[in-house]
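Below is one structure. I have some questions about it.
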Amino acid sequence: MTEPVLQVEGLSVDYEVGAGTFHAVQDVSFELHPGRVLGIVGETGCGKSTLAHAIPRLLQEPPARIRRGIVRFRGIDLLKLPRWQLPRVRGTGISMVFQEPINSLNPAYRIYDQVAEAIRIRRLRESGQAPGLVSPQEPFDYSKPKMPNVGEVLLKPLVPSKGPASRRPMFSKDAQDLRATVLEYLKLVRINDPDTILNLYPHELSGGMRQRVMIAIALSGRPSLLIADEPTSALDITIQAQVLTLMKELMTEIRTSILFISHDLGVIAEMADDVGVMYAGHLVELGPVDQVYRDPRHPYTKGLLRSAPSKYKSEGPLPSLPGSVPNLSRLPRGCPFHPRCVLAHADCTQDPGPKLTKAVEAAGPEHLAACYYSKEVPGIP
Amino acid sequence: MVIFVGKRLLQLVPVLFGVVTITFFFTHVAVPNPCAAWTKARTPGAVQACVVTFGFDKPLSVQYTTYLQNLISGNWGTNSVQQPVLPSILRAFPETLELVFASLLLMVVLGIPLGVVAANGAGRWPDHLVRTFYLSGWATPTYLGGLILAIVVGPALGLPYTGDFSSAKPPGWEIVHMSVIDAMLRLDPGALADAILHLILPATALAFLNMGIATRMTRGSMLEILPMDFVKTARMKGLTNFWVLYRHALRNSLISTTTVLGIAAGGLLSGTVVIENIFRWPGIGTYAFNAIIGYEFAETIGIVIVFAVGVVLANLVADVLYGLLDPRVEWR
Amino acid sequence: MAGDARATQPAGWLSRKRKWLTSQLTHLRSGLRGFLRIMRANPLTLVGFVMVVLIVSVAVLVVLLPPIGQALVGHPVSILPYGPNYYPSPCPTRIVTTGNYSYPTCTLPPSTEHLLGTDNLGRDMLSRVMAALPLDLAIGFVVTAFAALLGGSLGLVAGYWNQPRTIKGAISVAILRLTDIFLAFPSLVLALAIAATLGRGTLPTVLAILLTWWPYYVRLVRGEVLVVKHQPYVTAAKAAGLSDLRILIRHVIRNILEPVTVYYTLDVGTVLVTFSTISFIGIGVPLDVPEWGNMVEYYQTQNLMGIAPWTILAAGGAIFVTVLAFSLLGDGLRDVLDPRSRRALAQAAVPTTVAAPAALGEA
Amino acid sequence: MTEFLVEATGVTKHFPLTQSLTETLSRQERRSIHAVDGVSLTIGRGESLGLIGESGSGKTTLGWLIARLFEPTSGTILFEGRDISHLTGRELRSWRRKVQVVFQDPVGSLDPRMRVWQIVGEPILAQEKATKSEIRARVGEILPSVGLPTGSLDLYPHEFSGGGRQRLALARALILRPKLIVLDEPTSALDVAVQAQVLNRLVALQEEFGFSYLLITHNVAAVRYVADRVAVMYLGKLAEVGPVRQVLEHPLHPYTKALLAALPVPEVRRRGARYRVSGEVPTLISPPPGCRFAGRCPFVIDRCRTEEPLLRVLANLPDQWVACHRVEEIGVIPPDELIGEAPVLPDRPSTMPATPSPER
């Protein structure tokens, strides 16, 4: 097995707000291996988006505070990096796609400027003018699997970034080259008429188009890790299907590892190799998608899968999880799910709660669940 | 865009008409006969002569229509000593414009970066510092700040504190009545330095009060923009904090700041009345002050017209800038 | 449970009343918590709040203490060390030398007896500054309130009845045009012109400010109404069959009060500055009425800046401190209450399911 | 008494766009957004009609037209046989007791400054003269039926979770016992687990009170569970109407097929290519003649671009209406056999009679 691209160990994130301290992410650990897609699924407020933002350290601190943990990306512990070095990891190391395509592109610049900016930064990194901490990946036309030098930190002195010049004359050799690269990326995300799109502003594009541009920007840094935070939730169903198809096709062409956040079990089923289920800030189950979906080993996962409505009225009431998500500032002792759990025993209420361990009698060793009674979960009606 | 500007200029006409009408009736109803105040002699004969000359004996409606007709034909009336109003205003206005532009420049150059600094450190000490600074400016009455600058700071720094320097120039030296530009046109570096030195104190006094407007607006809109996804996108491209702030956040927050600067320009015009008086700046503020004190109605109305045009044009410029900065705006 | 509300027994009524009271108390407590949250979010706001409370209480004491104290104790009681127009006799003359000139003056620098010194007539500056406080503060509060009321009601009409091509729409268009005209006037110039033509005095000055101030509230309130009007809860009220007037009272006015209050707080200071500016120009309050603006003007015309700067600084400083207090409070409140900046400060990242009490969980 | 509770015929709503000066001067025809264009449908007594469509399909506008929050540009809406499309003033307000609306956004549709009893009791206040204690009593009675404790009368909406707020909105709609409740995306702001609770409650309430639902949503799962019949909207027109099981299991219209194929299903299944339609929903300003779906339809022929398909019924499927010229060829293909963006029609004889029944 290759070394993981991303290793998260015991990550905990709090929000300190007037009303109290909210434990948004609690002791979350997972690994993401090269070329894999890890889906994180959970309900609103379960901390999945906070997790996604905490990895590249995009959280607003304060109110957020990363209490403890390790986020090791290609050998570098991002949480130990000084703040000014973070830009050297972003873009060419980690990039991100956000939920609302309307908000994630700068309304004041043309599409060309926004894609070109990302490409210019990558070139600055590659040329050594402003080296990154990790090297960008090779171009996408992989014929054989190959991983860039994992774990090697470029310890060159940092040359202050001059920032991308925004308006260079278009006739220079450089500019033509840049334009060609921008076009290449827009074609990569299946934009039909990239020459026209280049000169438009984000508000002149439809939602699906914007999200394609956003993916192009995210990929143009040739990152080794792409974090997709609910990338299709704001889109219509048919458009969502188009974007998901595009991402799946791209996954066969590029070797980026993806952390895919979604609240939609269906989207995760379609996109991910592995899935992590989050509840009230905790990762309660983790494993290969088909195993987790076919044979969930945490009562919450089971309840979540069952409550996806797929019945007609005549077929009786929909199964649903009783109760509601607990307040993140006053989590119950022990297992956070025990007040809603049918399997709850006395030991479930004792601190510390269950840790993520190999699920008893699960089909494979990679199937983990944070439940003392994971053996009994298949028996829940 | 041209149509937009044309339409807005067309809208200026009813506004001006309203402004003129309101000022005219207000002054003439409140003080139907200012002759008593004008003529120092106060002999009945002199007052009577004055009333006849200026037509204060005619019905108000007649006075109003006469005034409007004259106004449209370019005759803005005369003051109590029979000096035509328009030329004096046209001569004084550029001086004020120079002062206002200098203040605006100060507001933009100092106020906007301060707003960025405050927003970047929101809730921490840079923010508190900047806020205390601009709120202090806000809380300082213009006249107090002006007095302190003129009487205490000016002499201490050896800066000239009166604007009344043009008398030293040979007649006809001035071209546009803006000392800095005149000095440039005359290619006179000495005069240019002198003009800039003279500008520093009054422009600072004027800008200090209004600095808060630019800073506060920049801070506010930056705070609104910084948590937005496109700023995160910019960060995730690998841009450093400075470039994220400068290229992405500031560019978008300027869109709201320009609107406010347009409104602030109106406030600056008002402030000149006090500041010019303190610094003896020969602009329209001093002129307005004397006109108002002396019951000079023709002058007052003329000034109000000029000020109203100034306010409306400042807002128009701000709107045009807004449209140029924000590609989402449709010109209509 | 349903019978509880219909209970006619006194005991039931009592228990209901108690329940209601407890719920009121809970809300009061949560309101207090919200207030503390605002204050803690920004220490400057707290500073502003404390300053405003202090200033207002001093003003109240200045107004109330003499008559009440007199009635209770039998002789005048005042928190002013001296009467504002108290001329000590003989005037404690001192000789001041500026350049080649030497002349006697009554000004005394700040000392333990005269904390802020005395002016050229020997009057105690602290007393004068404090005596002016009630007037200046009242002007700030009252004029702003009138402007907010006048402009606010016009803005309410203009915002709520803005359907094009109807009579109501025409009215709101007329209001907006009139507002545009008044907004085109530079406010200080208009105020000066009005004050000058009406003659020197407190009332003309107040009128002048009022006439120039209301248009801002038309703009503000109209903008807020337009926002509230398109909130889903207004549509919901319409769908329930509520009449326009009721929607206006029940939903619109309630929801625009918060931003209007914030701007009101900020404006109290601004109005105060404008008022004192008109006095400073010399066409506002008469000189015998203690007022900060005309104090600065008077001492400046007496050229006291050079020989007794404490006189001007005391009066100007009083304005500065008062306005700063209101600005600090208003600016801080706006950060928290104004929907525009509230969104920014709330930081979308904070979990949304924060306030789900367990008792109200899903069945 | 008529057979239907609501009978809408040829309902159209155009929103005029503001004209620029040049357009006014050049006397151009006023452009408008054709949000709903000639839609006819019925809602029976005690029936739930699901209205599915993507954003921009005009489904919310249609719902608001039926609730008379908009006045239709043309067409008639009969409610219990009475034309309500042009009611105004007091008459309209008193008619509103028969129709209530639950809005999409449970946070925004509850005034944050009001207590539960004021919010839920608002329709009573609007329709009847009632004292405060009467309103409180009636609100206290209705709360348990949406699953909220009676003791929550004096709480504010922000003290409830998302699902709790949607229950409040539901209680407000129920309190006058209306004939029809228009549910505008009632579950789109809710999580799966909460959504199931709300849907169960909706069905239970209908059994208890017997009113009709118009369920407007893009959530096919919600429609599947709540609706008896379903109408699919695309760009302001109905594409397909029919019994819910029939439409969801045997969709006839190419758009319905695409919509259902695009649904992500929480099962690990074949991850290969599926039937996808290309392109995005065009704007509703001055739509072209012909079928509204022609621009994205993989089966488009010339006739589709010129001639508008009318809603018609197929002989062997008497309840299912569909607006497609080629339904006889396309309708029979099971969705699994359509793959990719330009599926090829399999060469086999149609199992459906080719003669369409007469236009209604």
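Should a chain be cited, it is by its letter among A, B, C and D, assigned in written order, with residues numbered from 1 in that chain.
As a convention for this text, contacts are C-beta pairs under 8 Å (C-beta built on N, C-alpha and C of every residue); 3 or more make two chains touch, one makes a residue touch a chain.
Bear in mind that the values here come from a model prediction, so they are computed numbers and not experimental data.
Trainee: Starting at subunit A, how many touching-chain steps does it take at least to reach subunit B?
Mentor: Step count on the best path from subunit A to subunit B: 1.
Trainee: Among the chains here, which has the CA centroid at the largest distance from subunit D's centroid?
Mentor: Chain B.
Trainee: Could you give the separation in Å between the centres of subunit B and subunit C, each centre being the mean of its C-alpha atoms?
Mentor: Centre-to-centre distance between subunit B and subunit C: 26 Å.
Trainee: Taking each chain's centre as the mean of its CA atoms, how far is subunit C from subunit D in angstrom?
Mentor: 50
Trainee: Whole-Å distance, subunit A centre to subunit D centre, using C-alpha means?
Mentor: Spacing between the chain centres: roughly 34 Å.
Trainee: Which residues belonging to subunit A are in contact with no fewer than two other chains?
Mentor: If we look for residues of subunit A contacting two or more partner chains, we find 44, 53, 60, 324-325.
Trainee: Mark out which residues of subunit C touch at least two other chains, giving numbers and ranges.
Mentor: Residue numbers touching two or more other chains: 41, 347, 349, 352-353, 355-357, 361-362.
Trainee: Listing for subunit B: what residues touch at least two other chains?
Mentor: Expected reply: 123, 227.
Trainee: Residue numbers of subunit D touching subunit C in their complex, please.
Mentor: It comes out as residues 67, 69, 92-94, 96-97, 99-101, 103-105, 108-114, 122-123, 125-127, 133, 136-137, 140-141, 144, 147-156, 158-164, 169, 172, 194, 197.
Trainee: Would you mind writing out the residues of subunit B in touch with subunit A in their complex?
Mentor: These residues of subunit B touch subunit A: 123, 227-230, 232-243, 247-248, 251-252, 255, 325-328.
Trainee: Would you tell me which residues of subunit A are touching subunit D in their complex?
Mentor: 43-44, 206-209, 236-242, 244-245, 248, 263-270, 289-290, 293-294, 303-305, 307-313, 317-321, 324-325
Trainee: Along subunit C, where are the residues that touch subunit B in the complex?
Mentor: Residues in contact with subunit B: 41-44, 177-178, 180-181, 183-190, 192-194, 196-198, 269-270, 273, 276-277, 280-283, 293, 296-297, 300, 305-306, 309, 312, 316, 319-324, 327-328, 331, 340-341, 343-345, 347-349.
Trainee: Spell out the part of subunit B that touches subunit C in their complex, as residue ranges.
Mentor: Interface residues on the subunit B side: 14-16, 18-19, 22-23, 26-27, 30-31, 122-123, 128, 131-132, 135-136, 138-144, 147, 151-152, 216, 220, 223-224, 226-227, 266-267, 269-271, 273-274, 277, 288-289, 292-293, 295, 300, 303-304, 307-308, 310-312.
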